[in-house]
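In what comes next, subunit A is part of two complexes: it sits with subunit B in the first one and with subunit C in the second one.
Moving on, here comes the complex of A and B:
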């Protein structure tokens, strides 16, 4: 089935019943917050978001999730299929999406609006999670009807309510009852069946599909919207008939976002099984099926967590007081992990010593930073491959892939792997898979090692050099450059510019608890640069004098969102507010086709003890033993997502591009074939 | 070779410090602690850590024969042990030199055979690996004086000269060893290297830690040091202090070594991309002072360093070395007392171990924290407190044994009193002998009615 339709399903839910962490342009239209008053019980703070157009909305607290919500998650796929087209239409229809997504402050370009529609997809699961609640329908209905333009169509609303109410398909304003679990399951099953019937997704079937789903569609759809949808479907079907995925880009404006949307399942939300299945059969080509990633583990899913724990080599004691909203992320008691893993040093036979060492270093924080972690991992794999022997009666391709997989899961237990590492692993696995069967063991090993070597040198080191070369051109005499944290790329840029004799000043902005900026500061000072050092609290003060902001990134996602160390978004936003260009330096191997709108659905939780203690001042221990305090939860987020609107330019090894061009790079250069 | 580690157990020979307890027949390693040779504690600790390929180095051919014989009998199908005999008095460094050609792994774990501990060895090895250190030493808190009147169990010689301590300098993170002086006299000036102090910024000098003589060495470095410094006699007193002293100027050390820490090799190859790589890696984390020192004040120097790490055992772990008679009684007491999980026996409800074949006379009491070996007989009205009694002992009536160790086949006459003493095998105590804080060598006969206090009784 066409991915385009599935993509924006989430966009339907106009009332964001979620806490926005990270930064969002409060672009929500006033009429929504007025006409659709937020559900008092569930999303009280929503109304705060919209009114002031320029103030930054800090955080919106969602309703606490109950068990029923969890169940509802599974129901979500039911909403999905029928709505896709409509919501796509909405996306194409205009900027209405921008309302609750980080809308550009400046007038949106055509491109960015299409991105925003995709971002919606990324958000989808999150919305849906709440969207299934019974009284939700009410809300939706009101909101939707208040839209004069109909960018958000009633159908969509109805679908939501339908899914929630278990088939209560009234008009657009149904007061659907609370969902019962069994019903949800039923409808799910039905949809699955349908999907199964439709499976294969060949060109011939495409037409039938469209009619089939049309029948599903509720009768209340407005005629013109249906017409638009029809035309889209037709276009899509035509594109499919050509059997050429590249044609998707060429066919129509509608089809294009559709293609780009494809990776949405990457957005790891609770979408789990059903959505994956759908993703699985959506691309007609076989090899595309492989691309659909495993849904990431949701750590609020108790049974799966248990299962994973049994396999785990690192002792994982769940932290007790976890922040509600981030339950789906792994969080363990950090204190006991390292000693436990260390004491098991000689018991972990299957793990190669080098890999083990790297794992320990991740766990203890000796290695951090995307590049360093990636390099350390690749070098460990290199060692492991060097020592690898194909066991008798096994083939290298399969056995080594499994072996690398086990190493990766070990490293993942030590610390969740980053996006850049994921890309590198994908690369390595594809290289292994592509080894010809005829090649001998030693040759294969040598070629793999040189592949890794090349990846490190070309994708990381050379990329850094190119980035430095590009970015240095943006530094002029008299500039005041601000950077946040400690990025290796930014450091090289600054040092290189200094070597070139440019006269500039550096402001290093830092934040607790890691204080990585001090490391950077020390090195800059050693080289004789003029520096200023401040903490992020003072960023709005210092921004007056800054002329450029250089930031590093952990990853850049295909909607231009910059996924980086927590605090980056804040710096970028303040800079944007002060009209200071924000230049993000990121190697292209860190780009990812995933779309992410917030820093909730995918993030990493650090050791909460670190933020409760003050380093160097043991006397400040007011929060000692906080884990036993029932009504206290500490949140130590590692990453945040900076919306692309705050990013003026991304400097990458393919040149300096606007954030909107990221998907192009991902598409054109992201394939493994191009990497080598 | 699990995880590229090799294990060397230095079982020693016949130590002078432990006379008269040890002899040619019973070398240090076979000295019974709670009726088990002391080396079994180390071997069991290793086995628990999944380390099953060991090299046991024993000083002296005879001792090696005895130790080897015992190990092969006890661990026949459990461990793969190779016993190597080295000449006596070569020291620990000499012992490693002698078996150097057997060492092939990347890292070597050197364990003293007289260690009684439950510290996970894996943790030491993992710390070593994580920091890519040249040497990692395990430190444990120095035992505070036990119930017995003497001071630190570090050794009798130390209690005699109370000014001696182990002075250990650590960096603020307590991960690196900056200074080590074992048995240094406090009165004397403490000499700390200025360069190390300057690089680390801060040194924490501790006197409450003890070197447990459990080291993880990088093999290449260890062998090079041993080759170059022919006079080095002891790992603890020569090699370790040398490595600690030279940690910021290891130029000579690391010449022939292929794998040193990132800074080392990558600076040698002066290619720009390699520099960049190391720069990225250096950016990775909080730098240790080694890395900062390598970069130097202007960041261009090519100084080389190596790391000497420590693993500090938690206070809840037991760790002691049997290197003196005092330590011997302490360890015996602890193994059946507070650290009884080490003994491997299951304790009765009365918190003691009485072998089923042991015979007790009427009105004889065996208190908690006691052990009575197989086939021992006790007469009437005896009392045993906090003591270990070996196998096949014959103890008469009205005997008091307190805080003592009685080895195997000892005959004790009626009305004897033994306090704080060690009675070796085949000793005969005639009636009414009173021993307090004595050591009685094997086969000695204590005359009837004799009273001894703080004496060493042994056959000439």
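Moving on, here comes the complex of A and C:
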């Protein structure tokens, strides 16, 4: 393909803060990369994009994926290029992943650490590959930003690095996994790789394109029209592909899939992709309705609770002395079901052992923290998918969805799943649902696993790195930073700022019953930061010397409410009263379109017994045997909702935005896009 | 008076070691100590009041220095000084009256008052306050005749158990001391009964099915809530535990034992729960003259949350907690940092701090008190009734004389 055709597409911006709009072909010659500011209107016919007029955050809006896009390497929306390259290069160590798991682990967490090591290894190789590429692409930092969407199409990647190194000589046909034949100017080695990789890659790509097309969905009518058009075009392309091998003519600006034409698997993919695209795009209204989350289970609805109980595999006993206000939330007696479940470990058929293990870790509290829980869950699912076999006379799509559903309900019984986990589950389910029917079982499994891998690395780990990059600019010498509890993102920010040699002090505010702040405090001290430690009641005492408040979040709801560890609202309120900026650090995958005004309608209840005995204070035992006192209840809330007016800024992987922009991100970028 | 000195030293030591918990106990013990100081003090024939004042002031100075953040000590010292001044004044006017200024004693007030033992002007004033008599124009007008009339009645009527032979110049010294001690006794009585007087007002403030939030533990709050419960009100109480002392657990246990629906929450859940709360009722450590409150740590947070949700924030405070001082930089000056061991065990983090490079330092901040500015307080309930924060300065002026604001001999800050 001639460079001229591709030229408008590779609108690349030398300043990392501005995001490119449009997408990039791998072979984009470097000199083109300097070709002026991004111009959304010039993006290719297929893609164009909502004008990136969001001045608040540097945001790049990826275009819908096209069939041709399998061939093209995609720019990820979230990442500024230099950062990306760097973080990827640095990511090989795998330490980034370990950040999500608190240092002191009980023996039961072994599993998670083994996960992390395994994961780290996988990640390492993943990052290494990218790292190489990033280095090569340095001469044009832009290319570095235009990363493959899936981290697994090695071939494409190699190609890019080769192309980039060659100074644009590789501007020819991008490699595609869809065909080994059509790859023109690639080395043999790459062909080898490609072959090895082909099984997984094609499925990924097929799916990618469908999601890509879906991304446009929440847009306005124009977008819908475009989507329709696209799908028609895709259908046409598919038909063409079936009919004749090469539609490589690619007259239109959107490179036809046909370029990559040839063997049978590809034809399948194209066809399926086309049909899927239709499914995804055409009935957005219906889709949307369907996507409205089901009402949450209300536990004061007796009949439904009974029904749920019969299904449940965790035998939970209702706690006594319930707090009247929270009847609608589940509260169980803790401590009794763990040994019971442990004993059942080996004869529990329906739940995969890894999932089971993770469930037990949730139950025992060994894994906590939104990111850690989400990663553990996804990895368990990955394991489970790996070991999954489609039972005879069933289809993978349906059966696996049901399977995942049962795992989720098991995990939910162990501990109510968080919003971020819910988002990840929805991502996974949508991925399963979009698997082409024709794809073979092993391919489907590989593609799902790589999807999960990618979700973890891009939506969580890389998102954190971007957040760190952004937030660190808000730390100045001499600052006194206050943080509450233990947030992995905040911890990374503090450590990174310290590495950069900034001089600041950290105030760690903690609260009972979990005292997670002590974990953070220990890790900060080990790295040599100057810390102060206090409890939440003293927050107004300490606040007058604080210059910034950094908070983590479990979720950010679309009315700007920050749903986070209980106490966050208090800290934010006091900071607001003292006119101290409150900066909330939250990855975009935790955003949710739900709204919430108080902390009562939806929350999680922890073990009330923890309230009664104060750790390390044997003298405080007035509440021993509280359960036998008729009028006494103990309430252990887990989350609270911080009103958006207490929040000065939310740092997310899309940039730094005010809380009022959260619905914009949720809406404009669409759930599909936010979650991948 | 060596024994008095020993008593004083003992008390000073206790104050220094923070052995005395709670401002009520401190106030009571201070008053008792001052009473014995007064009773032991020899009074010269001339200028007895000055002698007493000096003695009390000398002791008071030591006591205040022993625990400057325990404002109740200073309050009681000032009130004792105020009592001495008032008694002296009343005796002086009585003496003048006795010298021949015959006063018409045909006030109707006089008749009404003669049925109970009339002690002194201060006692009368206190009685007037405790009967919640509003400062009407009539009382203002009658103020002068009253103070003159009282000793007159007692001397002429002879029905006051012979304690006021005020006309007798020889016994006047003993008379002053005696009156002062009586008034101090009254004060002690007031301090120990302030609970009941505050609790009496509970039904006026708590309605059926109310949801009340409190933090930490305060005997006043306990009595207040229980009084409402005894009057057959049924309501719910959320108790925030009040880290790091967790007195809330104790309060919750007591409340539950008395049959109130009680829920213990963590301090961090205050913001989450306050939207469902009708009223916040808490105790205070001291009430400053501007209406600001020195309160157990965490209450500023609660008050802010209450303000956010327009929940009334009510402070219960006995009159011994009213402090005539104004807070300046209250977070720092009127506070006290307690032992870190309440937050972290000894040596818990020593392993990650002893790096020779000196990098990584850890400070534990464990303050005892919070300052709640007057704008966050909806109402004060004292033993004399409910008051606005903006009225506190006037209430306080009733109890203290302006000369005593600075207790120290040198004109530096009083506490």
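Convention: the second predicted complex is superposed on the first by the 383 of 676 C-alpha atoms of A that agree within 3 Å, B and C clash if a C-alpha of one lies under 4 Å from a C-alpha of the other, contacts with A are read in each partner's own complex, and residues count from 1 in each chain.
In the analysis below, a residue touches a chain if its C-beta (ideal position, glycine included) is under 8 Å from a C-beta of that chain, and two chains touch if they have at least 3 such contacts.
Remember, predicted model here, so these are calculated numbers, not experimental data.
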Simultaneous placement of subunit C and subunit B on subunit A, clash or fit: fit
Identify which of subunit B and subunit C touches the larger number of residues of subunit A. C
Of the two partner chains, subunit B (first) and subunit C (second), which one does A:424 touch, if any: first, second, both, or neither? neither
Using the superposition on chain A described above, determine whether A:620 touches subunit B (first), subunit C (second), both, or neither. second
In the superposed arrangement, which partner chain does A:556 touch: subunit B (first), subunit C (second), both, or neither? neither
Looking at the overlay, what does A:637 touch: subunit B (first), subunit C (second), both, or neither? second
Name the contact category of A:493: first (subunit B only), second (subunit C only), both, or neither. neither
First, second, both or neither for A:536, with subunit B first and subunit C second: second
Which of subunit B and subunit C A:526 touches, first, second, both or neither: both
Give me, in Å and rounded to a whole number, the least C-alpha distance separating subunit B from subunit C in the superposition. 7
Please write out, lowest number first, the residues of subunit A touched by both subunit B and subunit C across the two complexes. 522, 526-527
Mind pulling up the subunit A residues that touch subunit B in the complex? 339, 341-349, 353, 356-357, 360-361, 364-369, 371-373, 375-376, 456-457, 460-462, 464-465, 486, 488, 491-492, 519-520, 522-523, 526-527
For the subunit A and subunit C complex, residues of the former touching the latter: 323-325, 507, 510-513, 518, 521-522, 524-542, 544, 566-567, 569-570, 573-574, 577, 598-600, 603, 611-612, 614, 616-617, 620, 622-623, 626, 629-637, 640-641
Subunit A partner, complex, touching residues on subunit B are 2-5, 49-51, 106, 120-123, 125-127, 129-132, 273, 276-277, 279-281, 283-287, 292, 295, 297-299
Can you list the subunit C residues touching subunit A in their complex? 236, 238, 241-244, 246, 249-250, 252-253, 255-257, 259-273, 275-276, 297-298, 300-301, 304-305, 308, 331, 335, 342-345, 348-349, 352-353, 355, 357, 359-367, 370
